[in-house]
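Here it is, the structure in full.
Chains here go by letter, A, B, C and D, matching the order in which they are written, and residues are numbered from 1 within each.
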């Protein structure tokens, strides 16, 4: 952290002052993280958009924290004036994943929310959007959840050309090569 | 009885001639385009192979009676126009005379429209939106190029006081001058209109495969497409022969006919190879600028 | 030759000759293979000299080119397009994705074996196949047609139930009209 | 009893009786009007041509009797009148105020007969007014919302009527007789200025009914708002009264000397036809489209008449007869669609061909005739028109007509595609074919269109008789109507219609047989939802029809033309009219005293003008 993070710190401080129970962090140049509770997210986003000029929604994504049984939702917004990225992060319960519908703040959230609903099964109460996004007639568990066993599904559903039974699990080898430890939850997917 | 039999045989011979020449011209066009694009290109007889293959394909569906009749209208128009165009001038070639003495230019102009309208009906019944879009484009474009074409024809008619093709050929034979020299502006107008009549690039807005999925013919396959390809090549021959008859004094034998028509055919082909496609309204208004101007001049030329 | 049971009659011979030399190709441009086709068709490789040219709609086409992986969503469309084509019709599978899934071998949404769903006459392998191999594939298909062996469409009609079963296994809510030509 | 009187008594009496019948015995009403019309048609066709009727009212001697020209137009009125009455018995079923409708229907037919048989200007004007008012009552039949449009019609008719009245007054002032013969014989004694003034005034009067350009604005609304059963007659026969009047004026009042009038009329008519065609192309409603198309077609007819050559007049009257036939069919067919499908908006209705095949067939035949495509009757008329214009060296007029009739292909296709072709939508699945009573008139008229294509003598020989009356010599060869199949122009070029027919039918049948037999067993019908659409699977409820902005590129191409001519000029014109209406409202303030003053003032003016300038 040699370079000064004055702008970033300033933003972090601004948010800190405006909201209680919020953790902010100027992580690196041009990037600020804000960890908030599920209920606070909409007010933070609105505040950032209206008061601080973070007009552009860059992205919204979802991370599956299987270990802690949580989904993490990340809203990335950007200001054309300060040229800073603000990451607003929140964690929601994985068993009953629900998040506030916010497509009235940015219309493009409609698409992201449809994707996250389809791929992770996160529900957005009150959200009116096309039911299907990319998958058609999907009946299984949401495919991007980490406990969805892709390989098993593929083996069940699709045919396999004979002569490719010797395929190896690359994940294991990569993990070994870089000296990482395979976490326990992942071991059950291991083929060895 | 004999004469009727001979007339029918003559008609069949004419149709075969027109079909063959048209097919070879189509093949030559593909070959020429390929050579200009630095390709080897298909053989000259490729269009024959295509047509025979299309006839040998199964066509197991239709969308109704009008679709079924659409290609029939098209070939009726082209064959009937062929019957009314004198293929060769002079006597001795009665095989190719057919009905050329019983129709005139105004009739031919209308007969040429018959096919596209019939085809449009067939395309309409398929219910494919692309077909309908293609048809509207084609009809709109027709309003564009028919006007200069008719202007040049009217100029010739008023200049030489005849409306029949055979009459015009006789006048040229007597005076020894081709009409493309006795009224050059009419010839320029007609050639510009011909660019649109052939629907080749840049005026290929009707069949534009990348925009409207080949337009009116998008639901036609197999025998329908084969019939339409045959009709198209006969029609190309009709148009070329008509132009040769009216502007270049006709031809006294088949070789002369082929030379003249091929020379004329190269104009739309070569113009097309180097030009990208127009938009529809551009393709209409193209004909309402310079061609119309030349048309007015040709009418004035004819009047004074 | 005349006593050979498999010999073609003269009509069949002419038909097969024209069919092989006039392939109207409908490129179903999925995946990365679609970009190889412009190269195949333009001046350097010039597939038109073999009689291969593009068709705009399935009604006019003889040859369906599947140029890459097929997700289940696109498979629906491919089946639809294939059934809209008129007999005789041929399919070329293009690249390893259509042969065994290729790099999408463990994707939850991508089929691996094209020939379980629609009959494939010729596979061109490679990831992606270069235009030379595409031309070789066309040649191979032409020799099959000339020998009267490119009978994928007939196979499809005979084993329709088997194909339907496979298709329905992937496409849960069966959306197509029943097989009608 | 004189059969002319009998016809008129029968028709006007029949009108009143049908009104009463609707009140007291509605069951008999339909049968009664059909029988009346049948009786009138029978009487008309058996009439003695020389028969005439003289009488005197208030010191003015009047004379009725058919000339052959009148008789020719009478054929249109009788035939189309009978068929449209027959059609309307089914079309109007279940609607109210039918007595009112049929009474006005019969009145306008009677008025048309009256116009055609009157040989003096007073009864001509009298019947002209009856025709105007009875047609006005039918235009406003469908309710209050069309009152404004009806007002437009009656206003223009009134302008025409006053122009005509003025011409009649001037003529009487100079000639001292209302008889047409006297007028025609002594018109050349007048000074040129008066001749032109009289011709122009009369042509304004007739031009309103013919919908020539400056006075055409009433036509699209009036044609499309009245019930289609009547519009068939309105556009087919009633507008031909204007053509008849034009023929009278052009060949008897201005022939030979004032060629400029002929040229101006021809150019006005040509511009009318081009602009009306362009407007027809961009219409969304089939009724409006046909209304504009009627204006355009009447333009051709007037061009033919105004060309003044033998072939041109022949073409004009030929097209007039055919226009009655095919436009009658088209309005009937559109009426059938309106009745069965509920709407004629082409952006909504589509794909009716399999539900209403016979209606489609009649429409197709009429459209081919309208577009002038060989081998049907329209081509004969168009060919004669072009040849007439070319041989009389009117090349720019030819180009105008050609532009108009080429652009007519666009709307011809539009109406066929819009109503009958295209996607079959489930919301129109319930539509059934029109009842037989409606189909028979359509198919009969379509049959005439087909027949005239090969045997134009059927129509041309009566026209020749009529043209003898108008002062042309006989140029038709002396043969029966079925032998007259070669058309000649003055340069000796010809079209042999039988060869055309044989060639087209021969090739068509051979090709159709070939294409049907080949693979007949394997071929079957698939619905219009089964189309190639980049693999997308079209569900039955998906609307894939291409109907909105159908000719948008063409519209964009012709936009400069429409903008300059119509948008500026006609909006101004419309605004001016609106101001005029306001002014009129102020004058007609509902006070009877004021009206009395107006009448007095008008009479005083008339007397003054009469004594000062016209000397009576």
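Convention: a residue touches a chain if its C-beta (ideal position, glycine included) is under 8 Å from a C-beta of that chain, and two chains touch if they have at least 3 such contacts.
Worth saying up front: this structure is predicted, and the values here are computed from it rather than measured.
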(request) Could you see whether A-C or B-D has the larger number of C-beta contact pairs? (result) B-D
(message) Could you work out how far the Cα centre of chain A sits from that of chain C, in whole Å?
(response) 40
(request) For chain B and chain C, let me know how many angstrom lie between their CA-based centres, rounded off. (result) 36
(request) Can you check how far apart chain C and chain D are, centre to centre, with Cα atoms defining each centre and the answer in Å? (result) 59
(request) For chain B, write out the residues touching at least two other chains, lowest number first. (result) 58-61, 213, 218-219, 222
(request) Can you tell me which residues of chain D touch two or more of the remaining chains? (result) 524, 526, 530, 532, 534
(request) Quick one: which residues in chain A touch 2 or more of the other chains? (result) none
(message) Show me, using the given definition of touch, all chain pairs that touch one another.
(response) A-C, B-C, B-D, C-D
(message) Which stretch or stretches of chain A touch chain C in the complex?
(response) 134-140, 143, 148, 150-151, 153-154, 157-161, 163-164, 167
(request) Sort out for me which residues of chain B touch chain D in the complex. (result) 55, 58-64, 66, 68-69, 71-73, 75-76, 79-80, 83-84, 99, 102-104, 106-107, 110-111, 113-114, 117, 120-121, 124-129, 132-133, 135-137, 139-140, 142-144, 146-147, 150-151, 154-155, 157-158, 161-164, 167, 213, 218-219, 222-224, 227, 279-281, 284-285, 288, 295, 299, 302-303
(message) Help me check something: in the complex, which residues belonging to chain C touch chain B?
(response) 14-15, 17-19, 21-22, 42-43, 46, 48-49, 51, 53-57, 59-62, 86-88, 181
(message) Which residues of chain C touch chain A once you look at their complex with the stated criterion?
(response) 72-73, 76, 99-101, 105-113, 116, 166, 169-173
(message) Residue numbers of chain D touching chain C in their complex, please.
(response) 524, 526, 530, 532, 534-537
